[in-house]
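Right, I'll just put the structure down here and ask away after.
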Amino acid sequence: MALRIPLVAPEIRDSIRDFLYLESLALDERRFRDWLSAFAEDARYEIPVRVTREKLAEWELSPTSRIFDDTKQTLEFRVERLETDFAWSEQPPSRTRHYITNVLVEPTDKADEFRVHSNCLVYRSRGDEPNPSIFSAQRKDLLRRAGDSWQIVHRWAAIDQSLINAHNLSIFI
Amino acid sequence: MAMPGVSAGVEQMLREMREGVPEGRVPARIFNDREIYELELERVFGKAWCFLAHESEIPRPGDYVTRYIGNNNIIVARDEKGEIHAHLNMCRHRGNMMCKSEMGNASHFRCSYHGWVYKNSGELIGVPYFNEAYERKLQRKDWGLVKVRIDSYGGLIFGTLDPDAESLADYLGGFQFYLDIYLKQGLGGSEVHGPPDHWVAETDWKICAENFSGDGYHTPVAHQFGFHLGYFASSGATHSKGWAVHIPGKGHGIGLGHTPGMPPFFGYPDELVKQMHESLSPGQLELFSKTRTAVGNVFPNLSFLIQPLSLEPGDPGVRFCTMRLYHPVGPGRMEMWSWCLVPKDAPQEYKEAAYKAYTLAFGQAGTFEQDDFENWIKVTKMTGSTLARGVDFPYIQGLDREPLKDFPGPGYAVEPYVTEDNFRNLWSTWVRYMMEGE
Amino acid sequence: MAMPGVSAGVEQMLREMREGVPEGRVPARIFNDREIYELELERVFGKAWCFLAHESEIPRPGDYVTRYIGNNNIIVARDEKGEIHAHLNMCRHRGNMMCKSEMGNASHFRCSYHGWVYKNSGELIGVPYFNEAYERKLQRKDWGLVKVRIDSYGGLIFGTLDPDAESLADYLGGFQFYLDIYLKQGLGGSEVHGPPDHWVAETDWKICAENFSGDGYHTPVAHQFGFHLGYFASSGATHSKGWAVHIPGKGHGIGLGHTPGMPPFFGYPDELVKQMHESLSPGQLELFSKTRTAVGNVFPNLSFLIQPLSLEPGDPGVRFCTMRLYHPVGPGRMEMWSWCLVPKDAPQEYKEAAYKAYTLAFGQAGTFEQDDFENWIKVTKMTGSTLARGVDFPYIQGLDREPLKDFPGPGYAVEPYVTEDNFRNLWSTWVRYMMEGE
Amino acid sequence: MALRIPLVAPEIRDSIRDFLYLESLALDERRFRDWLSAFAEDARYEIPVRVTREKLAEWELSPTSRIFDDTKQTLEFRVERLETDFAWSEQPPSRTRHYITNVLVEPTDKADEFRVHSNCLVYRSRGDEPNPSIFSAQRKDLLRRAGDSWQIVHRWAAIDQSLINAHNLSIFI
Amino acid sequence: MAMPGVSAGVEQMLREMREGVPEGRVPARIFNDREIYELELERVFGKAWCFLAHESEIPRPGDYVTRYIGNNNIIVARDEKGEIHAHLNMCRHRGNMMCKSEMGNASHFRCSYHGWVYKNSGELIGVPYFNEAYERKLQRKDWGLVKVRIDSYGGLIFGTLDPDAESLADYLGGFQFYLDIYLKQGLGGSEVHGPPDHWVAETDWKICAENFSGDGYHTPVAHQFGFHLGYFASSGATHSKGWAVHIPGKGHGIGLGHTPGMPPFFGYPDELVKQMHESLSPGQLELFSKTRTAVGNVFPNLSFLIQPLSLEPGDPGVRFCTMRLYHPVGPGRMEMWSWCLVPKDAPQEYKEAAYKAYTLAFGQAGTFEQDDFENWIKVTKMTGSTLARGVDFPYIQGLDREPLKDFPGPGYAVEPYVTEDNFRNLWSTWVRYMMEGE
Amino acid sequence: MALRIPLVAPEIRDSIRDFLYLESLALDERRFRDWLSAFAEDARYEIPVRVTREKLAEWELSPTSRIFDDTKQTLEFRVERLETDFAWSEQPPSRTRHYITNVLVEPTDKADEFRVHSNCLVYRSRGDEPNPSIFSAQRKDLLRRAGDSWQIVHRWAAIDQSLINAHNLSIFI
């Protein structure tokens, strides 16, 4: 029945879920170097551009356009930038909170890699602006076991808007 | 004398601005004011040639995209014969929206309210209960979609809501020479890499338009991280070098930044450079080959940028090209539309590298874009306050400089890159539109 | 000549509209415009009889509900003697809101700011520190709640902010004959099944009012799924059949859709039909028994619908009755209030079935309602654009048809069901209100 | 102590929680037939109308008025409709994301049925409208064991608004 | 005669209000109206002395806070010499925001757009590419930050946008005598306990200003829980006792509530009371020692409150002092800024106890504050409706009372505490500002 | 690696997580006395004032200013007030929903006390206002074992805004 996917051992599911919480805590506490360390050397970080299409369109997430199209190297470029005093978009810093829910863990054909589904609601507030930005995203990550913790091999997050209601995306999802 | 439908305060401000711009003064108030916004919808976006789409976005018959001119949603469709049409995306029967998607393919549009059917070329061809309800009396030919006049240059489709507007060629008035740097990358010309990403910002569209008319002045500070970390092939010491050109009376302007000692066309793959020796004229070649940064704006709200980005500190980097539209949606509020243009005939790996560089620098998550918008929303916020209404900004850079003799391109060209000549031309053009007819 | 407090542009549009409606033209602009909205608050909702509540919502002494006329929050309360009163829900001392709930039961209202106390019939009876602070000088009788004039028909309580308004009976002007189809379902008449659900929509209230004045034209397309899947007892081929009636000069209109071959009153339980032979007049019986769909609007913004819905594809289905109010809350923005009316004396299982059918078809999650609002928000969006300001919509259906002779009911009646006579009457009435006094 | 309810075995709680995640994933991926299969044949789906009342009013959720008052049959009516090309309210489709949190599972007097409390925040975005609709709901479901998965016998969701800020409810909660 | 830029309707309302206030009538409309709001920005907040900061918020050289006057964001900075300056927080080059934080420490401000640098005293001292771009022609001295005139009393820094405004001393006009109860708590005077908390409320700032001009009338009802549970040292029976004082023509007013039988200065620690015998004048001592509640407002929007709160039902409680600013941000919309002022020289444990009492009673989660704002948003909502536009509120309390002879303090003083004299003075002052120059 | 914190036994983590859900259910169902009973006698309840500061400022959460600065006694003061008929700010009552996510449990040096991190999104709707207030907060609680349940010794919640978009905070986080 389509509402059943092969799920994994409770310890693995729980450990992965805790890892995702730790990852988002690093982001929300602006420990960007810690956050980087959650990514494998061969990691990709992708946020596709969403387009409003009719119901049966072949795609809604552009196969060619991306908002983020990063490797670990370019993520490091971004983090390095945030560490300068000239990253104006984050000066003063955004206040973010990542709400990670609906975590589902699927096995892959590699014993040490797992496909992880999660919903990610990001609350972001800046300065004295009373209206926060709220981003909703579906995430599909590929995680790889790294010792007794995990690494992100692929972070794929699709934002649930085609016209995004924020003046920039100087944060991570 | 009084301008109809304009408050005394705004009229007074516009009159003073018309005097002030040639002397280097622009009032802060124009960047965040409800009345100015509403007047612009009518007098700027209701009159000017406004960008709609790039032909490569609707390559096949039936392809369409929906875009905006001012607050008007427009269908841009390629009909079965391959001809492109633009119409207001509104059913003539009761005003329902015809196409609710940003893009698609359809030969006909059927309204979801009462079922009127139009061809993608705008003709009304289907009316339910034509006998029973209309007793065959409705003149179908009178009730097609509202047509929007269009014309194009180098793949760029523009539309105007003004039937009496001058031709697009006259409107561009020679700026085509400079647009070619973006549109003729290689023999096949340029194409969009994919659909644009777009987002909302509490920014006045004019702040962006000015910035892309050639604001080389902001780069070393607003994008200081790039200089600081070595990701941008320029240095504070030489950053002012280059040229600024505008088309007097038309409002279009471009800045051409030059980095001494850099190889011609650096950041492009060799074979593409080879192609450009065919696709460009000698005058264009001479100028563009020396150009590190080409940042230009077509009045009112279409901009382009070519620039290299280094992924390794210090290396010359990869050149990318972005096209952007500033779509006004309220006082001090806009939608940003950002495309990446790639050379059709360039190697795929270059296209990918250029796109990656684009996303890292521009687009909503781009590191350069991020900082620009952070500054721009703050400019917008501040210029909306009551004290700002009394404030003029200085626009005196290059006020008494002479234009360059025997410059390879048309228009009014000056040195250096960092100057405000283009902006004065932008603002005198804008104020002329705003005071049109008086 | 100029209309005080009205811009030249809007005045011009209203004048042209007054000429245009009889010829079948209505300007798109009226459906989304701030100035029109503000003028309506004063000239339509400040003058017309507006629906407040159904008597069955406040059955017991002390029961009250809070409702709106325009942007005025109104308490509708039944006093201890059983008499119904309506007052502005605002304390006369400093303007605090008296009742903060949508419904409740209270003999007195005590203000939470300084403690003034009013009877539910509006008299001020309690003033703290009357001696110390007021030295007994405040005239309590002068400071009761602001009274709103009310009157009712068939359980419907209406209020008007205009003390000089004609009587409700004159205002309805014969439309009562048609309202009875909704209000006299069976001997006990109709009652609300429960509190309304309400929601906000980016829709102009007038689009809904027009639609429910008898827009049978949209049904086969806007609700095509119902026809397609067999859940709606009509077919495209015959859907235009039936009648449309309006009360000239009053703005009220109703459409009566007829499905050939369907049994009289199909979808009602037999015993209810039997009751209606007593509750309705012969003329009403003749007409209503042939009616599949009765969709009507009381000017300005109260609508009703009776219609069957099939739960099994193809079967005639169960008949339900909904009452709806379109409450304007901004330009192109409204609150939708939706009730289900059930026959008081019908068997409980029919009431339940009718309510289930109602929720499946109407109310915020109703499958018919969903599609209507999707269309309506799009109409609203499109008609707010600058190009739309120059556009008129065609209202020519039935323009030169003759009214029916010896039609059983009052007013101007035509065939078929699908026509625009009712709408022309709606818009000529609306524009008269909007130009009142000039 | 009132903050303690008899809770159930961890495997059951986790399995039910995963089931709710799978159910909402089906909704968010618009696999409406899959979603239907989550309901028992005798299922009810209810969303009561909420009314703003004084603190001690006998009820705030109307005992008679409902926004949804569905059986599996009428849910199928809705799904069937969504499968046509004429479900205009979902053309183009809404982008929804169901954030399921605070899942608490209580035993009932039937060994194979459980009362499940959850909070459900629904993010919904349409077209190029930059402001999403956000619905907050308290859910109380009755779940029944079905083989090694679950079925919804009763979905009860109360939206936390009396005036709902959306032009329609063409989605499910 | 007509007031320029003012609609006929508002002008008419203001004229009638000017007549009506002395007779005890104030129109509801002033509490929620877009035009009134925009006029206030210009005529009230553009003319009056407005609170910026307390000196203890910027104790060290380089310290700054950013605040608002009307919709103008202002930097209040202490320069290296310890002198305080206020400037519009806007770069003169293109209008970027200089300080993006609420507080900080900096000797210079560097703009993040093009890098202009200003001293914290406002002078422009750094301009990139001064040679290349400006050819040294920009007159730096002409382009400093826009200066705001400031002056202070008792640690309170005020600013005015009107260069011709009277002196702050004249503006306060004797109200200093009463401000001392808040500012001279003990020998060291008062200081802020920490940064203010601030929040947005759908409330008109004037409702708060009136309330804090001495609305003792609302307390037993709006804060009934405190009386009911014994957490507030007053009783309904005696609550009207005390005094109300205002400065005629200036708009400032204060209410001094008295609870019979309570010890002098109850709720303060003894040693603080001892200090106050030195810090206060005999007249102040006589009056303040009898004061349970001191609730006052400096025109237009700065308020103070001293009051005891009991943590154990029935005990006299702990006295705390709050300072609050009502910052208008839209029609019927404001930002509330709330500080706690503590006596610099009081024992730390008293400061902590006073602060805890403050947070329990005021600030966004304060139990008194909560109820006030709940009432105020409702007043704002109701006064925005069309029917409310025709309504006046009664302001007749104390209309024919004589002022007290030989009252220890300046201004117009009456008995009892519960009266509306202060409000009439507030409104006649407000309407004078609004009609200024006509 | 910084993304690893010493986590606790699954039973403890799950039991604490369920306790937090039960606590928020008490709040959302307005069982304020039940909610009070979740606090230890020596409990503190703190919400600091947040200030917009530059990136490297010594603090963003004021060391001296608080929105809530409560003990169990003052919380009881608040609850007692809510039980009167004169708590106008909650008359009619707010409709709240607490979304508790990202729960991470750390051991402390006391065997029966645990440091609990959670994200708390509070949805609050009042009257017929269509726009809810949405509060985002980072919570760090100190929990103490109490029989087979838990007690809150310290509730620390930092709201992710410096200018808060609500006319009051008559609710709890």
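Labels A, B, C, D, E and F are assigned to the chains in the order they are written; within every chain, residues are numbered from 1.
FYI, contacts are C-beta pairs under 8 Å (C-beta built on N, C-alpha and C of every residue); 3 or more make two chains touch, one makes a residue touch a chain.
Since the structure is predicted, the reported quantities are computational estimates derived from the model, not experimental observations.
**Student:** Go through the assembly and pull out the chains touching subunit B as well as subunit E.
**Tutor:** A, C
**Student:** Specify the chain most distant from subunit A by Cα centroid.
**Tutor:** Between subunit A and the rest, the longest centre separation is with C.
**Student:** Of the chain pairs A-F and C-D, which one is connected by the greater count of C-beta contacts?
**Tutor:** Between the chain pairs A-F and C-D, C-D carries more contacts.
**Student:** Hey, which one of C-D, B-D or C-F is the same interface as E-F, over half the contact pairs lining up?
**Tutor:** That would be C-D, since it shares over half of the contact pairs of E-F.
**Student:** Go ahead and note the Å separation of the Cα centroids belonging to subunit A and subunit B.
**Tutor:** Each chain reduced to its C-alpha mean, subunit A and subunit B end up 32 Å apart.
**Student:** How far is the middle of subunit D from the middle of subunit F, if each middle is the mean of its Cα atoms, in Å?
**Tutor:** The answer is 26 Å.
**Student:** Express in whole angstrom the distance between the two chain centres, defined as the mean CA positions of subunit A and subunit E.
**Tutor:** It comes to 45 Å between the two C-alpha centres.
**Student:** Could you check subunit C for residues that touch two or more other chains and list them?
**Tutor:** If we look for residues of subunit C contacting two or more partner chains, we find 100-102, 112, 198, 200, 222, 371, 374-375.
**Student:** Which subunit F residues touch at least two other chains?
**Tutor:** Expected reply: 10, 52-54, 86, 88, 91-92, 99, 101, 121, 127-128, 130, 134, 162-165.
**Student:** Who touches whom among the chains?
**Tutor:** Chain-chain contacts present: A-B, A-D, A-E, A-F, B-C, B-D, B-E, C-D, C-E, C-F, D-F, E-F.
**Student:** Which residues of subunit F touch subunit A in the complex?
**Tutor:** Touching subunit A: residues 1-5, 7, 10, 13, 50, 52-55, 99, 101-104, 117, 119, 121, 134, 136-138, 160-165 of subunit F.
**Student:** Can you tell me which positions in subunit B touch subunit A when the two form their complex?
**Tutor:** Interface residues on the subunit B side: 100-104, 193-203, 222-225, 228-229, 231, 311, 335, 340, 355-356, 359-360, 363-365, 367, 369-371, 373-377.
**Student:** Mind pulling up the subunit F residues that touch subunit D in the complex?
**Tutor:** 10-11, 14, 18-19, 21-26, 28, 31, 33-34, 37-38, 85, 90-93, 95-101, 121, 123, 125, 127-132, 134, 148-149
**Student:** Write out the stretch or stretches of subunit C touching subunit B in their complex.
**Tutor:** Listed in rising order, the residues of subunit C that touch subunit B are 7-9, 28, 31, 207, 217-218, 220-222, 240, 371, 374-375, 378-379, 381-388, 391, 393-394, 396-399, 401, 416, 418-420.
**Student:** List the residues on subunit A that touch subunit B in their complex, please.
**Tutor:** Subunit A residues touching subunit B: 47, 49, 51-54, 57, 62-70, 73-74, 77-78, 80-81, 84, 86-89, 91, 162-170.
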